[in-house]
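My questions all concern the structure below.
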Amino acid sequence: MLKEIGHVEVGQPFDNFLLIKSSTKGVASNGKPFLTLILQDSSGDIEAKLWDATEEDEKTFVAEEVVKITGEITLFRGKPQLKIQHIRPAQPIDGVRVEDFLEKAPVPLEELEERITEVIFEMTNPNIQRIVRYFIKKYESTLFSFPAAVKNHHEYVSGLAHHICTMLNLARDFKRNYPEINLDLLYAGIILHDLGKLTELSGPVAPSYTLEGKLLGHIPIMAEEIGKAADELDIVGEEVTILKHMILSHHGKGEWGSPKVPLVREAEILHLIDLIDAKMNMMNRALNKVKPGDFTERLFAMENRSFYKPTFE
Amino acid sequence: MLKEIGHVEVGQPFDNFLLIKSSTKGVASNGKPFLTLILQDSSGDIEAKLWDATEEDEKTFVAEEVVKITGEITLFRGKPQLKIQHIRPAQPIDGVRVEDFLEKAPVPLEELEERITEVIFEMTNPNIQRIVRYFIKKYESTLFSFPAAVKNHHEYVSGLAHHICTMLNLARDFKRNYPEINLDLLYAGIILHDLGKLTELSGPVAPSYTLEGKLLGHIPIMAEEIGKAADELDIVGEEVTILKHMILSHHGKGEWGSPKVPLVREAEILHLIDLIDAKMNMMNRALNKVKPGDFTERLFAMENRSFYKPTFE
Amino acid sequence: MLKEIGHVEVGQPFDNFLLIKSSTKGVASNGKPFLTLILQDSSGDIEAKLWDATEEDEKTFVAEEVVKITGEITLFRGKPQLKIQHIRPAQPIDGVRVEDFLEKAPVPLEELEERITEVIFEMTNPNIQRIVRYFIKKYESTLFSFPAAVKNHHEYVSGLAHHICTMLNLARDFKRNYPEINLDLLYAGIILHDLGKLTELSGPVAPSYTLEGKLLGHIPIMAEEIGKAADELDIVGEEVTILKHMILSHHGKGEWGSPKVPLVREAEILHLIDLIDAKMNMMNRALNKVKPGDFTERLFAMENRSFYKPTFE
Amino acid sequence: MLKEIGHVEVGQPFDNFLLIKSSTKGVASNGKPFLTLILQDSSGDIEAKLWDATEEDEKTFVAEEVVKITGEITLFRGKPQLKIQHIRPAQPIDGVRVEDFLEKAPVPLEELEERITEVIFEMTNPNIQRIVRYFIKKYESTLFSFPAAVKNHHEYVSGLAHHICTMLNLARDFKRNYPEINLDLLYAGIILHDLGKLTELSGPVAPSYTLEGKLLGHIPIMAEEIGKAADELDIVGEEVTILKHMILSHHGKGEWGSPKVPLVREAEILHLIDLIDAKMNMMNRALNKVKPGDFTERLFAMENRSFYKPTFE
Amino acid sequence: MLKEIGHVEVGQPFDNFLLIKSSTKGVASNGKPFLTLILQDSSGDIEAKLWDATEEDEKTFVAEEVVKITGEITLFRGKPQLKIQHIRPAQPIDGVRVEDFLEKAPVPLEELEERITEVIFEMTNPNIQRIVRYFIKKYESTLFSFPAAVKNHHEYVSGLAHHICTMLNLARDFKRNYPEINLDLLYAGIILHDLGKLTELSGPVAPSYTLEGKLLGHIPIMAEEIGKAADELDIVGEEVTILKHMILSHHGKGEWGSPKVPLVREAEILHLIDLIDAKMNMMNRALNKVKPGDFTERLFAMENRSFYKPTFE
Amino acid sequence: MLKEIGHVEVGQPFDNFLLIKSSTKGVASNGKPFLTLILQDSSGDIEAKLWDATEEDEKTFVAEEVVKITGEITLFRGKPQLKIQHIRPAQPIDGVRVEDFLEKAPVPLEELEERITEVIFEMTNPNIQRIVRYFIKKYESTLFSFPAAVKNHHEYVSGLAHHICTMLNLARDFKRNYPEINLDLLYAGIILHDLGKLTELSGPVAPSYTLEGKLLGHIPIMAEEIGKAADELDIVGEEVTILKHMILSHHGKGEWGSPKVPLVREAEILHLIDLIDAKMNMMNRALNKVKPGDFTERLFAMENRSFYKPTFE
């Protein structure tokens, strides 16, 4: 059976398909061009050098393409590297699909779709419900494939929908403890809060920032979209202002990209739930990789902390 | 029927019992001593001046005493003041109890006791369970009467137990969303995290900081208590270290009084849940006082923000 | 001749028209309602109390109304106060206009209008020119009357247009020193940057923050408006993204309300020119009030500094 | 005569005993394991690679062992490296002792012991004296060998005792200038302030952080120990609270690990004296390494400054 | 016997001489001018109002004049005030001297002069010695009367010399513990570090900031003076640069007014000793005013802390 | 024709003159010394290694010398390196001048000199004019060759004079918009503000910091120089204090090296204009290197931002 890249050890041969995550041209000390490829499947990724690359190679071996590679795992400056013996683009006859090489949310896609539909169905405020429905329809083709971020948390296929659904569950539980919460508003805020990322990022595979993403950011992008949706749906009312406010304030403070701090209860809760789910996702995934009695790697987005996994249960 | 102080208007007479929250001696412009009393019942509080106070008065009208007052509500520099016509200490025959004059948690005491008992019963780690049981027994006389803080959040009778119980519920809900959580550990952290306040504060009525509270603080006080309890119960093991760590780190960072940041998943969650319940308590109580379409007063412990109450549902 | 309020001294009588800037209801120590009025003309403002105010008075003496007052200037806790002997609303026959009671920009309105028209005429990029024209037309009724801010700088009638025109002049001069500047882009950024204030603030007279102002702020409001204008004008292109970016980033950093920092040269210059004109306006107005050899009052928006006015020329 | 590692130059042979400070396993580019050893004697340290390491080697060449090495000094990426030709564990017959390979305090151990004994003898407050005596007895086996820190200052054998003794001398001198100081209290604070490090660190040779060290830290560890000692000695009184406060506050502020800031004069002085001795130790040792007219290396714990050594006397 | 102002109680008469610390003109509610006088003797200070003040009064009752007052102590808004019944300027025949009304250093002036002379005598580096001698001579008339600051620490007559002398003693003690210190350099830094205050402040009585003080500050003023002194004395050499550096860096960091951080050992020590003596002076004086078991007032320049005075010895 | 270093590609030969920017001695893995040379001409710079360097080589190939080199461009760790085949010092007969190898201001030197002379001529305040003239004369040999900084902005020959002249133009334009400005004062501040760099830096070629530069900094150096110049010219008056203040405050705040913040209008403007010209210089030079549609490299001194170059005009 063919081994995935995350399960091959240094010194062993490799012979399997991999997705090109990125391809960067360099010039070798002899003046000849070469390509640095980052290759991945759903088990992990590895670097490889394609020496003496032709112009043809440059056009063929680009990001988001799947390739068949024969080679060997070596070490270079302490990190594993794949030494390429043979490389070719995948053919239709190979029957491989890009999505099979990507990490995915740990929950089936259907469950995520269903949960969001259910929540919209429960809403009783018609203005809020119509706006949310509008966006689910508008983004049905991308919402369920995008990651929630380029790195740090939920950075996998369907990561955004997975993040939304866990947040919806937390919101439902909060309501039980604090009945004053306006659940329609909170649900809507959760579903909409990061949809601007569908414009900010380039796509579900090897996502990077678009020009709009870099110059505007997902927060103002989405606030504007809500304004336009309300106009299109002929909805006038405080709900529109409050939903925009929730989007604008959901990073919690100016230094973190929110032009307004939360000034409505549900906006504050949205910020808290967003924070909790991002943190839990980072901690749990890091802790899953270590044994009891050990510390995790440092988590950059959690103030660079290493977390300890206790030895008792 | 006798009116409570929160329901009498400027210009009206007042004739009822009140609890002295604080009593401060001053000297009038004629050189004679007077007392500034802050008087309260469960509906609110008001200031009053007792002019020409004798030494006898100074000893009689002290904090935590109940008095019977006849007088009238006036305004002084824009704030209501109770003009005293007659004042006397309450007698046994009056049948009034200090606790009737204090704000209380909105949940019956029995429910709080029951919930905590239930949680301890569910624990399966014997070391953790024994330590928690030890403290519930040790503090049974004060745990259910103390506030959770002197001001800002849960600053009422049984506030601490109320805070603990809501946090326990949130923890149970978190576990459903994130099954990796060690619930015994999290429950224990929640129950123990603020018990140092029983030493840091002077009591449930008109609480102030003790000398130990000012010089040590509830966090190191409780960490030490856990160490002593473990010694007494002959418990050795990582659970003791982790529980101490959870106490020490639950304020989240150095600037907020924690000598260590959270480095264990359940310690991080404890910090988050503590934050959430404090914030929800502050926001909900402030929002309950205003009408839809208005902003609350500024909440000091929430970065001085005013929250808006939407007009729609 | 009738004296303006800024020229009457303590102990002197007053008999003239004034504009009500704000009217707040209070309750006196005897339990009766009264109104605290802030009254102004273009020379300054003063506080007055209207005792024993009827419900009729409350409805009559409201903000933005002009009144005729006879009274006397007294001192209360070290500050001048107008003691009202007689007060009545202005009548049409009095021939007074609200605008005569307000501080105004030191440049005639026509000059401001002309300068902006001229600048638009000079533009050569059609996309940018059409967007700017769209907004000048849309806001022609308010743009030339609003202040640039509620306090600190250009807080007078036509303050916004005055601020824009000085910035346009600075931009023209910058271009001479740094020919790389795209002047169309910079001019457009200057004209549009604060138009969101026309929605954020309530009006030119006694401006306060609207609900949208408080929850969204003028920066996201204007970024959204540009998006909608581009849709309406069928303009697609990088100009739209860059103009939105200039609006979003013109406060310079997150802590100051910009969700993005300036990442385009003209966005950085817009931020700098905005800063310069605000600072010059604050410094010059404060220095105009003091004599050589003295320090100004502390300027809150300039890090609370007092500026010294040298004695030489 | 055999040369120490700090005195051998690049290109020269080496043949002597060295202590293993740390040993880390790696995998070479050919897939074979190797060990990276940090080797030291009291003159300095150097890196060495042990290629093709057997499992036996891994167990033999571990931290805190002494080895006999023959080899040569080479350069690798600009830093000296010891190329191993022959390596063997030291034998009892070699007559070498671990402590001979470690840097030591520049003051004889006996002097340090004597100075501390003397100070305790001078104390007149019996509660304070008994608590200090208790800890000197409890930790007599480790107090005089531990460093004061893992790096930065006093990071050598007996560094902690050296640090304590210099601080005691500074305290005595302070008392002469400020007679209000309570010298018993200050002396006690100095002796006890860092004893938690005996639990926080693993030992005097190649010290690392223990789990308790990482999760609790030496400050809360020691505060708890004082509480337990007082219980054991049946000491009740403000002295116990104040001593705990001094331990808790001696880092001066929350960001630096103190859950309370100093609120007692002697606590503030303890913090200042601790700071002074750490800074003097760092500056003096760095300046001793450079010639007049030069700057020292950057000192990380002194805000990354380089200090200048003047050319005059 | 005549009572000093700090020893008279509310309701009692007062009849004695006082120094005018400040005199400010105001206008009463009847439009007539009055003077607000702050009056002091060495026991404390008090406010008084001189109603219906004539132009003659304004010229007579100015800061730094001594007056004879008969009156009574009353309370105004909770603070004591001196009600003036009769006031007249002191006459030569009264035999009172301004200096008798000021707080003074607790050490005799001669001791301070002697100590500084002694230290200069001990110096062995001729360049340093000559520069220090130059300044002692230049400022002999003011150095021994100025305070070290306008408020916070050593804010009394001869405060600067007192501050210098205590620092010199601390320096001598440091040298014993750290023999590497260049004592000539440190002594010189201590004597010179604050001499710029003789230009920055207006004088020993009721000191305020001069224009040079406000616009330049004592640090650059003194650095320049050293440069000029070296030119005048024809001294060339690194000593001049290092002495200037010590002056420039003695506040320790940019935020505290030092354009350079300390980069020479003795500059760092100067900063530390300055800090210590300022802190000790503030703490000791505040603690002297309270009883064991109490907390001091908040000390603004010590991060607003209140210090506790223990009950044991 | 001989190619400059910035126009030769990897793999090509090189044969031309270059200036040595820096020369650092190292020891190779074989124990032999080598030199690392940074070589430059006005088109850019490159690193080269001179292996087996003799003592003679060390003395010959030092900073600020011009050499003739034959070699080849290779890559080392991804960066171009010049492999030396032959190297010799330039001879008088070669006719090369150091200044031809340096980057220069884009404006002819004569224009810069003329502009400054013109501005001094326009001044009407004689005190200010004489002081400025004094410094132009004093520094005529260096002022027109020094850079304005070691890196970041205007870091080329005549950079300081170029910076001054652009600032003078901006000042003239500001005056037109804000006629209140005292132009003599502002012009003088601009010309003098950075003259301390002529002492702080070592020279126009390969500038480094002098000891005075490191320990005092250009700000206090220049403030002192103004004091000495005023003494020499017998100028007494507020102009001297204000000019020193402008120098001291021109970095805007303490953290940036100014011991005083700007407290005079022209001091604030000087700070703003200095900031603007530094920023424009950095942005323009970075943007000139990229194509429309690309981002610049990160600019360290502009908060590490990358700037976008729009695709439209």
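As written, the chain order gives the labels A, B, C, D, E and F, with residue 1 at the start of each chain.
As a working rule, a contact is a pair of C-beta atoms (placed from the backbone, for glycine too) under 8 Å apart; a residue touches a chain by one contact, two chains touch by 3 or more.
Chains and their UniProt names: A, B, C, D, E, F = 3'-5' exoribonuclease.
In this text the structure is predicted, and so the values were computed from the model without any measurement.
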Labels of chains that are neighbours to chain C (3'-5' exoribonuclease) and to chain E (3'-5' exoribonuclease): B, F
Fraction-based call for chain E (3'-5' exoribonuclease) against chain D (3'-5' exoribonuclease), same above half, different below: same
Chain pair, A-C or A-F, that carries the greater number of C-beta contacts: A-C
CA centroid of chain E (3'-5' exoribonuclease) to CA centroid of chain F (3'-5' exoribonuclease), Å: 44
Multi-partner residues of chain E (3'-5' exoribonuclease) (at least 2 other chains): 211, 214-215, 238, 242, 263-264, 295, 308
Pairwise touch network: line, ring, star, complete, or other: other
Chain-to-chain touches, reported pairwise for every pair that qualifies: A-B, A-C, A-D, A-F, B-C, B-D, B-E, C-E, C-F, D-E, D-F, E-F
Parts of chain A (3'-5' exoribonuclease) lying in touch with chain B (3'-5' exoribonuclease), wherever the complex brings them together: 125, 127, 166, 169-170, 173-174, 176-178, 180, 182, 185, 237-239, 242, 261-265, 268-269, 272, 275-276, 279-280, 283-284, 287-288, 295, 302-303, 305-308, 310-313
In the complex, chain C (3'-5' exoribonuclease) residues that touch chain A (3'-5' exoribonuclease): 211-212, 214-217, 219-220, 223-224, 227-228, 231, 238, 241-242, 244-245, 248, 253-260, 263-264
Interfacial residue positions of chain E (3'-5' exoribonuclease) with respect to chain B (3'-5' exoribonuclease) in the complex: 9-11, 74-76, 78, 295, 308
Complex contacts: residues of chain C (3'-5' exoribonuclease) adjacent to chain B (3'-5' exoribonuclease): 26-31, 211, 214-215
